[in-house]
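Right after this note come the structures.
What follows is subunit A paired twice: with subunit B in the first complex and subunit C in the second.
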Partner chain A sequence: MTPANYLIAFNGVLKREALRFVHQRTRFFSSMVRPLLWLVVFAAGFRAALGISIIEPYDTYITYEVYIAPGLISMILLFNAMQSSLSMVYDREMGSMRILLMSPLPRWYLLLSKLAASTIVAIPQVYAFLAIAWWFDVQPPWVGFLWALPAVILTGVMLGAIGLFISSFIRQLENFAGVMNFVIFPMFFMSSALYPLWKMQESSEWLYWLCSVNPFTFGVELIRFALYGKLNGEALAVVSGCLVLFTTLAVLVFNPERGAIGKAPGGKGKP
Partner chain B sequence: MKLSSKRFVATKHFTQQENVAQKALRATRRLLLPALLPILLPAAFAGASQSAIAASLAYVSNEKDDTLSIIDLDSLEVVNTIEVGQRPRGITFNEDYTKLYICASDDDTVQVMDVASGQIIANLPSGEDPEQFALHPDGHRLYISNEDSSLVTVVDPQKSIVTAQIDVGVEPEGMGVSPDGKIVVNTSETTSMLHWINTETNELFHNTKVDQRPRHVEFSKDGKQLWASAEIGGTVSVIDVDSKEELHKLRFEIRGVHRDKVQPVGVKLSSDGRYAFVALGPANHVAVVDAKTYEVLDYLLVGRRVWHMAFSPDEKYLLTTNGISGDVSVVDVDKLKVIKSIKVGRYPWGLAIKP
Partner chain C sequence: MSLVEVDQLSHFYPGKQALNEVSFRIEQGRFHALLGPNGAGKTTLFSLISRLFKVQQGDIRVNGHSLKNAPSALLAEIGMVFQQSTLDMDLSVEQNLDYHGCLHGMSGKLRKQRIEEELRRVDMLDARKQKVRALNGGHRRRVEIARALVHQPSLLLLDEATVGLDPQTRAGLNQHVRSLCEEQGVTVLWSTHLIEEIHPHDPVTLMHQGCVQANASAEQVCQQAGTDTLVDAFALLTASKSGQGAKP
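Let's look at the complex of A and B:
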């Protein structure tokens, strides 16, 4: 296998991911509308209710819109990651995964390509959101837009890896609704995306603890700091750690035979 | 049908496009470079943000701590804290910035601080509970509001003697001297009036009724207009100095903030006549007003209960004292953005800036 072969495979995966995104116009639409609704409607309602005191990385008082913007970027990444792992379930169920696996390249490489491709698709969504958010007074320094890129990539890949890992355990497409309930919502709400953690601590220590071990929180904070040209070392370490951990796990447990077609007679699937 | 075409697309790309390899290689490089750039060059960005202005200092009176915080306007950090008399509120420099006058309200005196040494060198007779004051351009007349005794006391700070006491309305507060030094205007909070005082005779020659609880007055640089804030009324009146007629009444409305919380206190006019800034107290915002059209241009979010304000000597920055949150917010006047909030003592009240 030459490096060129690897690139061809990557290119194929990327194009497929991009095509899937472009063809589903409603998906782009909803990926924009969802965070914007939060920004424009939800944040406006809570603007007065939630006073935000000065916390790192901000130098002064900020509006609630400014506070949740990094959380909403992470929300875009989260939905994108989950959608991408949903497509794995779909591919498995519909049989198109066989084409992917027909490639003579190692499986881990194909999975990594898939992760990278889905993250690349997320990047324009993130920047489109930031561009619109600019009009709603979310105006980080210009350098922040540059700094945010590596943070967005790391967080995107980490969330993708978590999604991929979870998708290995889902047998049917229908079960994906459960992912919404048990993964996306808890991950999003139990994080620093919508409220600073000290605020959480005031109401419940237990919830605070959950929030502070949620990898999503670290992704949000990594992006939040990066947007203001600062580096949150702890968040970087946790996000990178989770990225490696979940990618490894996802590759290890990946089993294309699971799901509708692979279901062995009598339903004795592999563990 | 849709499904099978997708599958076809995927197959095609896996097997056919050999020339894509190079394109992909280029794409990877393009993606990698911007990703690595910020990791490689953090020092370059950090160094560039420092600018070189003369090291002006902002003195902030902390009402509850009985101290002054001194902020370096280059680094925007507190560089020193000095203990002064009880409940320091209004502060102002003399003309050559060698002395700082401090209203020590609970000590019933105006203290004189030697700026070079930071030592209190004199206590001026001031009448009871001095809160705010204004220094006449001649440097010999300090007009002091005595909140509890409905008086304006005139003190010669150099001879340390009271030269006059003028009866005004109940709870005198704001104080302003016209640029030509001919008029002093005092506001009385309970009477809701502006009292015009002739500085030659030390006599009241006119009263103007404004909205409830006038707090602060500010003359325009040409001396033609007087801006007066009314805390409970929630308005700022712009008064023509010659006719004493009201030219305009400003009202404020901030999205998401209840009207009762909009309580204008401090007012500052930029010397180019372009902007007026109005501190809106518990609304935690500073209103930016076009000083010519009286249109409110923007509301800037600052700390809690924003009280008084002061410009840096170059008018690049506007500083605000935020009483409840105990900090000073710095507004970039060109960009009309709050760039930083600096922690000071408890209940910062007044501000004076030494170039």
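Let's look at the complex of A and C:
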């Protein structure tokens, strides 16, 4: 296999992800509606209750809409990553994952391609959200739109790797719905997406500590700084480290046999 | 000359042995039947050959490539039709085949040419723009066979590929796969529990409860079992313990 073969395979995975996304139009609208509801409704209600002081990377006082925009971008990435993991469980259950795994290319490359492809599919969603958010006075500098791109990709792949790692332990599709509740909501609410962490610290020290070690928090902060043309070195290091760690773990523990055994009577038998 | 060598293959699920030192060979260009009741270990064997499951004991070689030492080279030699459909229902016939070609690193020009050839061979060229969801079961199977052959493998594995199809479609599919052996020189491993799909001269590996019970032509299996028909030989050789048995 030459590098060209690897590239062709990646293009194939990307094309399939994009086609599936295009065919599922409701997925695009729901991915837009969710953060926009938070931006338009939730932020309107909370802007009066939640004052934001001047914090990095902002140079002045900001509205609550501006504050939560990076968190909502991360929310798009989080849901997309978990949906992608969900599709892996679905693919494994329906058998179409077997087509991917029967490629002569290394398994780690195939899984990485799937992670990267699903993140790339999320990029138009992120920029569509930013375009709409512009009308609600979320107006970062133009350079921020460019700087945000690598931050969005890094965060998206990291969240995808976490999702893939978790989905490796899921035998059947039904079990994944519960995991979504135990992963998405805690990750989102225990982060700096909706409120600065010092606010959390005022209420609860242990919750603050949980938020501080949540990789999602660092993804949000990486995007927040990037949107204003700044680099948060700590966030970049943590997101990059988590990306490598969870990708490695996901590839190591990935076992299609697990889903097959799960389908056997009593969970232990012939698939 | 043997294209496939399965050597002392054993596999364990938690609390159960699925394969017990399975060994057999498949001659190049032959239609080789893998016969056994449900639970015999056929799907497990296929999952091992196709590297979906990790080999625990033993080895498999296809065209000289060992699954343990050269899995990528081995996978490039294999095309597979699974028991359950693995087509993407939301994509068109052509898009499904194209995805498969990409995963095998084929260039765009070659993919286009090979997809056209294989779809023409299964008489599905006119349906190439149709979504798979719109196709009936028989047509989906044909598409899966075409897809499995896009990258020109030397071995075609079919795991109970006729399950759920009407008798006429089953017979047609069986005939088509046999023609691939005769005309294209493709080696076929056809897993089934339907004895009517096996011809007297076909080499047969008969499995039961993870073990090989017989490994010879269908006629010879009957002789060895001392029965007149393969149905009786099958019933005799798979009579012990449980097992649903074959359907004549």
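The definition used in the following text is that the second predicted complex is superposed on the first by the 260 of 271 C-alpha atoms of A that agree within 3 Å, B and C clash if a C-alpha of one lies under 4 Å from a C-alpha of the other, contacts with A are read in each partner's own complex, and residues count from 1 in each chain.
We adopt the following convention: contacts are C-beta pairs under 8 Å (C-beta built on N, C-alpha and C of every residue); 3 or more make two chains touch, one makes a residue touch a chain.
Worth saying up front: this structure is predicted, and the values here are computed from it rather than measured.
Chemist: For A:G229, is the partner it touches subunit B (first), subunit C (second), both, or none of the two (neither)?
Modeler: So A:G229 only meets subunit B here.
Chemist: Tell me the contact category for A:L101 with respect to subunit B and subunit C: first, second, both or neither.
Modeler: Second partner only.
Chemist: First (subunit B), second (subunit C), both or neither: which does A:V41 touch?
Modeler: neither
Chemist: First (subunit B), second (subunit C), both or neither: which does A:Q24 touch?
Modeler: A:Q24 sits against subunit C, while subunit B stays out of touch.
Chemist: Going by the contact rule set out at the top, does A:L252 touch subunit B (first), subunit C (second), both, or neither?
Modeler: neither
Chemist: Does subunit B (first) or subunit C (second) touch A:R16, or do both, or does neither?
Modeler: both
Chemist: When the two structures are overlaid on chain A, which partner does A:I8 contact: first (subunit B), second (subunit C), both, or neither?
Modeler: both
Chemist: By the touch definition at the top of the document, which applies to A:I153: first (subunit B), second (subunit C), both, or neither?
Modeler: Only subunit B; A:I153 stays clear of subunit C.
Chemist: Mind working out whether A:I62 is in touch with subunit B, subunit C, both or neither, as first, second, both or neither?
Modeler: Touch partner of A:I62: subunit B, not subunit C.
Chemist: Mind sorting out which residues of subunit A both subunit B and subunit C touch, each in its own complex?
Modeler: Common interface on subunit A, subunit B vs subunit C: 4, 8-9, 11-12, 15-16, 19-20, 94, 96, 99-100, 102-103.
Chemist: List the residues on subunit C that touch subunit A in their complex, please.
Modeler: Residues in contact with subunit A: 13-16, 18, 39, 41, 43-44, 47, 50-54, 71-73, 75-76, 78, 80, 82, 84-88, 90-91, 95, 98-108.
Chemist: Per the contact definition, I'd like the list of subunit A residues that touch subunit B in the complex.
Modeler: 4, 7-12, 14-16, 19-20, 44, 47-48, 51, 53-54, 59-63, 94, 96, 99-100, 102-103, 120, 139, 143, 146-147, 149-150, 153, 226, 229, 231
Chemist: Show which residues of subunit B lie in contact with subunit A when the two form their complex.
Modeler: It is residues 3, 6-7, 9-11, 13-14, 17-18, 20-21, 23-25, 28, 31, 34-39, 42, 45, 255-258, 284, 301-304, 325, 327, 329-330, 337-341 of subunit B that touch subunit A.
Chemist: Tell me, which parts of subunit A touch subunit C in their complex?
Modeler: 1-2, 4-6, 8-9, 11-13, 15-16, 19-20, 23-24, 94-96, 98-106, 110, 256-257, 260-261, 264, 268-271
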